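Scrolling down, you'll hit the structures one after another.
Next come two complexes built around chain A: one with chain B, the other with chain C.
Showing the complex of A and B:
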């Protein structure tokens, strides 16, 4: 009896989780506009954090020279361990002061409306590391819009694609 | 003094930055192939750069769901970044601006270039590496400036920088000749490199200007006004909202263009510092301009050569630093040398050794280190002259020091000047030193200095002989110290011809070197017979097949001539070739008049068989028809191939009993005409003959209102190699 109960429970869990991962994802067109700072191109990482501000997934990396990744220490300690595959697919070129970058963010619907955050962190060689240049809650009601950055980022704009 | 400063800085800068510069040069050489490579693979389509930006946008058609931006790189190739459900139009790729279709994927930079770029910029050391490279490029700038200073000094003024470089030795000649061309691109590389470093470390700010609001300067369609060739990038609006604009980046500014009206809503101009930074980048990398990149590659190669030749020149200078057995205060003989690159010092060393062999106390030093010497009896000054009559590097302070230093003791002095007649102020500095020394009443010295052309060994030995006789000494100059003697080489006798009359026997040897070597007619072959310490020098003629001809007169008691005479065909012996540049075939002469007697015909046998443009006239004097037999074959061969236009022979014991100078006098109209046309006269043979020839030439010159013999010698129109 107990055994059957357990099997059923496991089965349900699997089905639910399978279904859940099948819930799908939403695409957002994202634009990062940098301020007119002077210096090298900024390394920028866009990631999803959980309610405890722990990294869950890396969505986008602007900067393709891994030599500089350790300059984003908070993210790097997660990324190094996570061993995320297929980084190339989410990697783009750095942008410098005054420039913008546009890309598509694929956000898993699981992350919406349950306390997750979207973090944009930046680092410029020879200058500062900014852990929360932009930090916004992943709420379906407010995810579209324009978000002011605190340092190198002037603003981030997101619209559903 | 100033020149010493230039040279010292040039040397110190080059040494201190050599490692960084070597890395930067090698990596720069590789990187220069980036733009050349890009030119080969370019996606720029001919003629498509003239379309307006509006036409470009129209050409893109409806295949793209959304366009993010269009970029045009330095080579003119157009890239697009777009989203599309059709994979053929999705992503980043090279665009045909006319059809609006993809023409190629964007290739990643070749890993070699990525790797090398990193090395070139930072030596893989991140920020500290960039600082090193920045400093190295600043040092390069200083090296170029000090090199320019030296070049101007050497050539005798800025306006003479591109005048003829006088060849002293190979490294130096090419260091200067190549340097004056490469100096411009290397200066550009250094300046732009410095500027980029300054920008990089934000010492020069290159922030783009602020957007100028409101004052709309341009109405109407900005996209019709500008063409693709003006474009650097075009960013498309993020959304269709009217407040989202196009950003159009041109060469010198950025415009925000309204996506519906085409008005320029805002604009910002690039600050001058940013324009310079962009220009510096293009100049430093050769981006988009393959031929400039090729110039940069050439500059890298020449920098490698400068490092190599500069090192050799420095080693030669350092090697010639003096070693002394006696202190200045115990020396009876003081030899002071003025030398630019240490070559005159060989003569000082030889003299020092010869005197020490005679148990004399000798002190050898640079002219600049003149001081008062307690035991001095003889002061011997050997000095070259630099550029336009100036002091060489280690002699610049001598005259001033000499006047200032108290002299307590009378002594004898003599000045030997080394120079080249191809400089207009031949041995000028030696004469200045002579005058300065003769100002002092306690010093007795001959009325004129001894002047030696082109480091002529024989002339120096003559001086040393007569000087030592006057001192009651019999000096034996170690000749191996006197010329950087050529490498020992093996020569095989492949032909021998001899002729004899009642008084003398002469013979020619045709010698085949084991290895092909760099030797010209007029160079000297140094032969030291076995068991003998003294070398003999023979002027060689070089045949087209690379064999050398020497013509030797056998003396009854001559060790060397008898040694050579007893060698048989096929036998091999050792000798060395010494460069004797001043007696080479001139490059630019309109015609060549060769004058010689006896075995002095040796170098001419090679020259007349060289097919070069100048017309050649040979005057030769010998004793009898028999004497000429030796050379007949060479002469008739030359006449057959028309590399000898004219020959006249004077015989002193037969027929008209003439000397070679008598022929010149007979032909004086022709000789005068040839001199007038800037022909070169080359004289080889006995000193007595030379004297006679010069007398006749002097008469001809004065009869025909031509420059004096001295002037002709000075300008290199008369060259001689006599013994």
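Showing the complex of A and C:
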């Protein structure tokens, strides 16, 4: 590649990415704290749903063995069809009873304040699947805070990063 | 790729613990084929006929799988908490267990009682495919299951249908003809492009392989991973590994022995896991298989033998091995793989052969990290072997090691003591900013580990990045609350 082309290319990339983050997305520090249940590590998926509770985007997957993804059947039926982007970048290690995971969630601003939801679903081998362990509306007025879980999740904390 | 052909059957024997003292959760109780009278007596004594153990098996499940009398099973089913729609181990209902055992009268009863025939378990099996993978040969069972509307073409998650699943065990073509009438094809392939022949080869079923060749099936083909029947036969599953005669048979039919899959595996990688017969190793070497072939993870057969504690194959491969400290793409040598998987025999041998114990893998983890990670009650002996070897070599854990965190996570007080003896820093923070005391407060079942950490100078005043003290975390711990543990000793002054 010649030099001018390279510079132009870098400039364009730069502008595009600057533009993107302008319209952009907001970052939240997210902490998932599990109850002290006994059993295997939990598989957890964090996704954005639209107003009809249909999946829009997968934000985070805790559990790196794809063999077990079908254990989260509602998400799996979306994910399998969507043939989504490589999930490696948003995949983390599973956590077990009493443990927590801390990571950054990148939430697109266009999901805010128009009926979208954030879903945390969980599944533990030999135990049950929980579709809405945490389900919260994506509202800019209430997105940061502490949200109680209904089953394996004790609570989720979201803090603007 | 192993998992596509590996057949998820249960660890019924292993899962008898938990729910201590409940006879209904002990396989040995059901082996005696207890009468209804005995069961009633046990219930009176307080044994819970509906309780599930940690692996979600209950009394009914054990009764069905031990082939208890129909009368006893039905009596168990009548007890409160045991309805036909109860979900047990791996998301299975009683119908699936009854199908596995080919228990016709019970299946009839469960169907009549409205059991869900559409249920899929967590491995993707339904009642039909679960009967097939269990090797049920009684056609009346399949008649019954198909009559409920279950599709004959049902597959598991790998795309294996009833014929694929039966190919490992059936000895004649009766079931082939039966399922052909129901719409299955003898030439069908699973998602990985394995046909019936591949499945028969995996289980070393020579009779079936002969039959399928006579039927005109292609049998020298490769699946999607570039594996032929020889490689599939070389992999050992839960049922053990195939004998020399299986490989000789395949060879006599012109299935290549000297083959490398797209993932870089040879049959020697396969047998390194579980084969015990040295003649199998020699067979493949004679056929020209390269002992030092490296697969896509960077492992040779020698390294896999070390990992799987297969001393015989390790010793067979050693003369071909130029460097016993050779590393895979994760920076792991044979001896690291042995420590990681708790393989004491191959570890001992590699140590006597001068393997380097002062390694660090690509993530910077040392031998102590790996021995703590692989520690379990079941292989406490192997842990001791690793620990003795490391200390005899004057090795010390890294200064920022997390062995104490690992020990606390496992909840083993003896392991915590070992980590402390090895000099792990008591107030060291892990990636999440947690000290061992924080972690203990989150995961503890009782107060013993917490006390031990405090005795060794754990600082109660340290807070997490969310401003939580160990006391705060312990107060949220449901198990400590349930056990009524007084937590005031954790309060910072």
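Here, the second predicted complex is superposed on the first by the 139 of 161 C-alpha atoms of A that agree within 3 Å, B and C clash if a C-alpha of one lies under 4 Å from a C-alpha of the other, contacts with A are read in each partner's own complex, and residues count from 1 in each chain.
As a working rule, a contact is a pair of C-beta atoms (placed from the backbone, for glycine too) under 8 Å apart; a residue touches a chain by one contact, two chains touch by 3 or more.
Worth saying up front: this structure is predicted, and the values here are computed from it rather than measured.
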Chain B and chain C placed together on chain A: clash or fit? clash
Let me test your reading of the model: by the given contact rule, A:119 touches which partner, first (chain B), second (chain C), both or neither? neither
- Message: Touch test for A:70: chain B only (first), chain C only (second), both, or neither?
- Response: second
So, A:60: does it touch chain B (first), chain C (second), both, or neither? neither
Could you tell me if A:104 is touching chain B, chain C, both of them or neither one (first, second, both, neither)? first
Winner on chain A touched-residue count between chain B and chain C: chain C
Output check: A:31 vs chain B and chain C. Expected answer is one of first, second, both, neither. What do you get? both
Answer with first, second, both or neither: which of chain B and chain C does A:39 touch in the superposed model? both
*asked:* Let me test your reading of the model: by the given contact rule, A:154 touches which partner, first (chain B), second (chain C), both or neither?
replied: second
Only chain B stretch among 1-9, 145-153 or 253-261 with CA clashes against chain C is 253-261
Dual-contact residues of chain A, meaning touching chain B and chain C, are 31, 36-39, 67, 97-98, 100, 102, 125-126, 157
Within the complex, chain C is touched by chain A residues 31, 33, 35-39, 67, 70-71, 96-102, 125-128, 154, 157
In the complex, chain B touches chain A at residues 66, 68-69, 81, 83, 126-127, 200-202, 205-208, 210, 235, 238-239
Within their complex, chain C touches chain A through residues 3, 54-56, 87, 89-90, 122, 124, 157, 409, 432, 442-445, 465-466, 476-480
Note: in the complex, chain A contacts chain B through residues 29, 31, 36-40, 67, 97-98, 100, 102, 104, 125-126, 157, 159
